[in-house]
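In what comes next, chain A is part of two complexes: it sits with chain B in the first one and with chain C in the second one.
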Partner chain A sequence: MSTDATSRPSIAGVDVSRVALYAALLGMVAFYLAPLESGLATAFKTPAGFRTTTPFALPPVGEFTVDAWGTAFDRLGTGLTNSALMAVPATVLSALFGSLAAYGLTNLDWRGQVGVLMLFVAGVFIPYQAVLVPLTQFWSFVDLAGRLPISAVDRYEGLINLSITHVAYGVPICTVLFRSYYATIDDEMLEAARLDGASAATIYRRIVLPLSVPIFAVTLIYQFTQIWNDLLFAIVLVSDPSNQVVTVALNQLQGSFVQQYNLQMAGAFVAALPTLAVYVLFGEQFAKGVAGET
Partner chain B sequence: MARLQLDSVQKRFGEGDDSVLAVDDLSVDVADGEFLVLVGPSGCGKSTTLRMVAGLETITDGEVRLDGEVMNERGPAERDIAMVFQSYALYPHMTVRNNMRFGLEESTDLDDETIDDRVESTAELLEITDLLARKPGALSGGQRQRVALGRAIVREPKAFLMDEPLSNLDAKLRSQMRTELQQLQADLETTTVYVTHDQTEAMTMADRVAILDGGELQQVATPLEAYHRPANRFVAGFIGEPSMNFVDCSVAGETLVADDFAYPLDAASDSVGEGVGSLDETAGVTLGIRPEDVAVVEVDGGDGDSAAPTGGRRAVTDDSLPDDVDASHAFAATVGVVEPMGDENVVHLALDDGPELVATVDGLRRVREGRRVTVGLPSNAIHVFDAESGEAVRNRSLEAAALDAARV
Partner chain C sequence: MSSPSSVAPRRGASDDAPNERDDSEPATRTDGGAVVDGTDEPAVATGRSASSWLTRVRRSSLLESLPFWGPPGLLVVFFVYGAIAWNFVISLTGWEGLGSPDYGSLSAEMYTRLLADPSFHAAFRNTLVLLVAFTALSLAVGLLVAILLDQQIRFENTVRTIYLLPMSLSFVVTAIFWSWMYNPRIGLVNELLRSLGLGGLTQAWLSDPQFTLAAIVFALMWQFSGYCMVVYLAGLRAIPDAQYEAARIDGASTIRLYWRVIVPQLRASTMSAAVVLVVFALKAFDFLFVLFGVNPGASADILSVMMYRVAFDRIQWAYGSAVAMVLFAMALGVIGPYLFVQYRRGEL
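On to the complex of A and B.
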């Protein structure tokens, strides 16, 4: 401390600008974490506890309970399963299709590429509210369960519809994400592969795909969070209560007469757990992907 | 191993009015096992030509034939050609072994054992056996270069194409790899087309050089032929370091004149240079002479340790100049900047009559800035180019046998 304090303003050997920096950082941390802390604190309080204390105060002695978590897990259990059934395939497929489309639009050369790319870019900006009505009409016209008389399809029709919808609306943004990454791939390397005798498909499978791990992490995290957290499509497209996803179930934790804040907060954390888990799992690759490392 | 023919090959980028002609009517015949170097300044179309041979660019017009078969419509995979890229273009996620295996796996039906054998023996040849398990990221530039070569060699293709493969290496490693590559090509006897902008690489490595400028082929010749008998002014200026000296002149009878500077071509004592064409009085010409052919003699002596003969105190002398320099070809000059290279000194000279020349003299000779010197331009070493077309009208005289004997 004292060594580098010579050139900077210091009081009693403490670097003033450094103190200010840490103070500002701490302030920002507090600002961002306050809602989370309040939510966590509330989730561990009894109803009497959250009525008598301020939201961010820790549960007072005697008012601490984990009851809300138990109830939340019970009431969100089916929703969690349904969400996973819907979100995991939708995430993987939209990332895979986006990757394939980006490879075709970036590293291969064919006529009309620019026009197709424009469509993809336009697809990124589609407002979901604008397509709700045609989308519901589309799915009632398709009538998956009627056309595919398989029990699984019949049972999970809502989830399958929702999953496919998310794939379709996720592909444009995935394509754009992958495209910016694939544009950095060395063209000479792909040309070398062509001279080595590899076809376009082989080049994708053996060279481009293995090099895409970091951007896959980015896309998977992004898409998973988007799809998992979606409420709009889930409300509109899924009518069968047995196919209810977690966001809809979470919404229903809101009681009509009494607000059970502890239950709602615990539910919110339960519903958010999978997205947190995904960040932790892919965090390192995510950082690489965002930094654009190949 | 194959003969590679480029027959009136043309490449046009874009269509209509915006189109750019990158390569125009290029014809070169590369013999089986020959090492041809395509050389030229950047943007001359040399890389485009190579990419057309590889199949990475379409051919607008003309034909590329390998072993007599037309390649125009074949994809790069179907040409049996291997290419070494400037950026090495190694697959970063694969080990060196898999980098080398890749081409064999994709382009042949060889079984694993045979592929392994070929990779091993190629690795031995290039002395990269220790690196086989590593990934490209863990290799130095020189090692990557070797792996890139190995990846091409292991496929045993009909022809190698190399696109400035040494330009990312440091100078020392580059000259070492140059020799090695030359040796390797001689051993493998594989037809090779090598693209570079570096005339040193072209001169030292090539069996023949093809010099390109502005998409047009200027000359195809052995390095020495291109050096001593350049087809035109561009080749003369491009090949050779430092560059040939040029003086723009007009023709007055048998004398080349540029302001006060006059160079008679008909001096009786001169051995006359090889005439390619006759001089046209109306057209301007360019006089060219290589720096090493410019004789430099100290005038005012006094420089005791000068190894060169000094000519006393006379202003201009001819008896200290080499015998083959006529008195009319000696000029008074002042020494400008001197660049010592060790083995030679590059001397910038300002002739009293106007033109500025560069000469190279022995590295141990002391030539000081500001000295008065006599400059001899021997008539058997001069080149004359047509000012308009740049075509060589007269090249230096040289025993044809000497040129042939020097051919390797």
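On to the complex of A and C.
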């Protein structure tokens, strides 16, 4: 926090540099919101409307329509459901694994810990291209539907594979997020419980887990956004159209309605709706998750 | 971390910090109160046999901690490291088309083919340009915005939330927004230029090879500078107020204050943000794929797109794996030194 607000002289009650500061901040607000605002305005226009008006202008009278939204929901509905079915379990599981791993690598000390931790941290930065070909090989070997003759597995095989994949590649970042939080837990408290004869599992369940609520919020928010937004794993691992997630469906919608910008924009917002809602409600946690990646 | 003690605080605290609790303990502890180990049961707590390997294993909480990090660790080892090793082996085969790889005959043929492939050269060069330009631009904008936000402004939370908003969106979504922004006839970018009287500067941003990469860098900066802002803001808030005061008393101007005193102290923030950005740039597949499909053209092709095109579009698996190994090596070149520095600083 800087202190220049207190030390700066103001001229005639109006501080010139403060005005410039707010103008600059406002300009940046416009910069970050312009694509979103243009998209939102365009989504409510008829084709004639978006061709004849500036993108960010509100729809003129007579050129306002919600048709694009209806079509977008129709096209992306299945994708939204599939994304939710895939992303929610993957988010919860990867956060849980991250919490367990961070506890084992932070609050219980042992030799060689740093080495194992390095493996986890490096995993955060892996370019996924480096695992794509083996991954497709792996899932074709596993053949879940062939091994588990259950109708739900058969029907959602692609989504289950994708979900498990996201859990595995989410573990490193979740571990890093939980670890930086667990490092701040008072060791004396855990030590006291240990001297009272509590096992590592009891300490985790009774002390660490209840303390973890804030970091669970951060990790769940961040992971959900990441998993929901992914395209690469989804196009590589899911071939069955009925298992298509929303990012893939949106990409197809974009490809098949090339000049229909109102429909494309409405589709983009429909697909982003859950993450936007999460962001508006839990922006603080999202920011912490983003910052914790370092 | 060399200390087996479970009570010594992390982050380079001294190993033998005396622990207050020790003095009040029952007299079973005879290890001089230097090290308290949480795992030892009272019966083995003599500390005399600490040199024996078995006791050491038992005293360090390795076995106790294994059930916690073991299962997630297995997932990581298998899916991350196992898969990368597997990918490397595949890159040594000549696997193409349907069927399975022949692990019997391995050679570096794919890598020599890479070196002779002009599309690899173009993709490699574009990846480097994207990497450097995107990282530098995002850091610069993020730092500027963070400094502006750090002036005790009103509505700080709201403004910050807006700046970070693009970061919460999928690349698929932002790519669609920017394809509209960059539309040559009615897109906002060209409309804005025309309304400013700069109609001569309007371009077909995404289809003119001269500008494609720059347009991508700008759009990605839009999405990621908010992330840099968050990192820098945390860094700025960690600098004690006294330093601003001292510089002011010395009569330093605001610009000099930041350039000479504050920015140099943000080196750690810059480094960690840069690592994340570089890795993101290496992975920036989704964004380009939505805009251009598998063929962005020589001017905008990057390695991550090339890898997907070669492996999943042309089904030349081995060749795609070789491209992927190059990407992995580039990432390693950034992560390796970063992790080493973090380790030396005791941040791990």
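Heads up, the rule we're going with is that the second predicted complex is superposed on the first by the 262 of 294 C-alpha atoms of A that agree within 3 Å, B and C clash if a C-alpha of one lies under 4 Å from a C-alpha of the other, contacts with A are read in each partner's own complex, and residues count from 1 in each chain.
Here is the rule we go by: a residue touches a chain if its C-beta (ideal position, glycine included) is under 8 Å from a C-beta of that chain, and two chains touch if they have at least 3 such contacts.
Please read these numbers as outputs of a predicted model, since none were measured by experiment.
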Partner chain in contact with A:156 - chain B first, chain C second, else both or neither: neither
Partner chain in contact with A:181 - chain B first, chain C second, else both or neither: neither
First, second, both or neither for A:207, with chain B first and chain C second: first
Which superposed partner A:189 touches (first chain B, second chain C, both, neither): first
More chain A residues in contact - chain B or chain C: C
On chain A, the residue positions that both chain B and chain C contact, one per complex: 188, 191-192, 194-195, 199, 294
Parts of chain A lying in touch with chain C, wherever the complex brings them together: 1-5, 7, 21-22, 24-25, 28-29, 31-36, 38-39, 42, 50-51, 54-56, 97-98, 100-101, 103-114, 116-123, 125-135, 137-138, 165, 167-169, 171-172, 175, 183, 187-188, 190-192, 194-195, 199-201, 204, 225, 228-232, 235-236, 247, 250-251, 254-255, 261, 264-265, 267-269, 271-272, 275-276, 278-279, 283-284, 286-287, 290-291, 293-294
In the complex, chain B residues that touch chain A: 54-56, 75-77, 81-83, 85-87, 89-93, 102-103, 106-108, 151, 155
Contact set on chain C toward chain A in their complex: 1, 3-11, 21, 25, 36, 38-39, 56, 60-62, 64-73, 75-84, 86-87, 90, 145, 148-153, 157, 159-174, 176-181, 183, 186-188, 191, 222, 226-227, 230-231, 234, 236-237, 241, 244-245, 248, 254, 269, 272-273, 275-276, 279, 282-283, 285-286, 289-290, 293, 303-304, 307-308, 311-312, 317, 320-321, 323-325, 327-328, 330-331, 334-335, 339, 342-343, 348
Chain B contact footprint on chain A (complex, rising order): 186, 188-189, 191-199, 202, 206-207, 210-211, 294
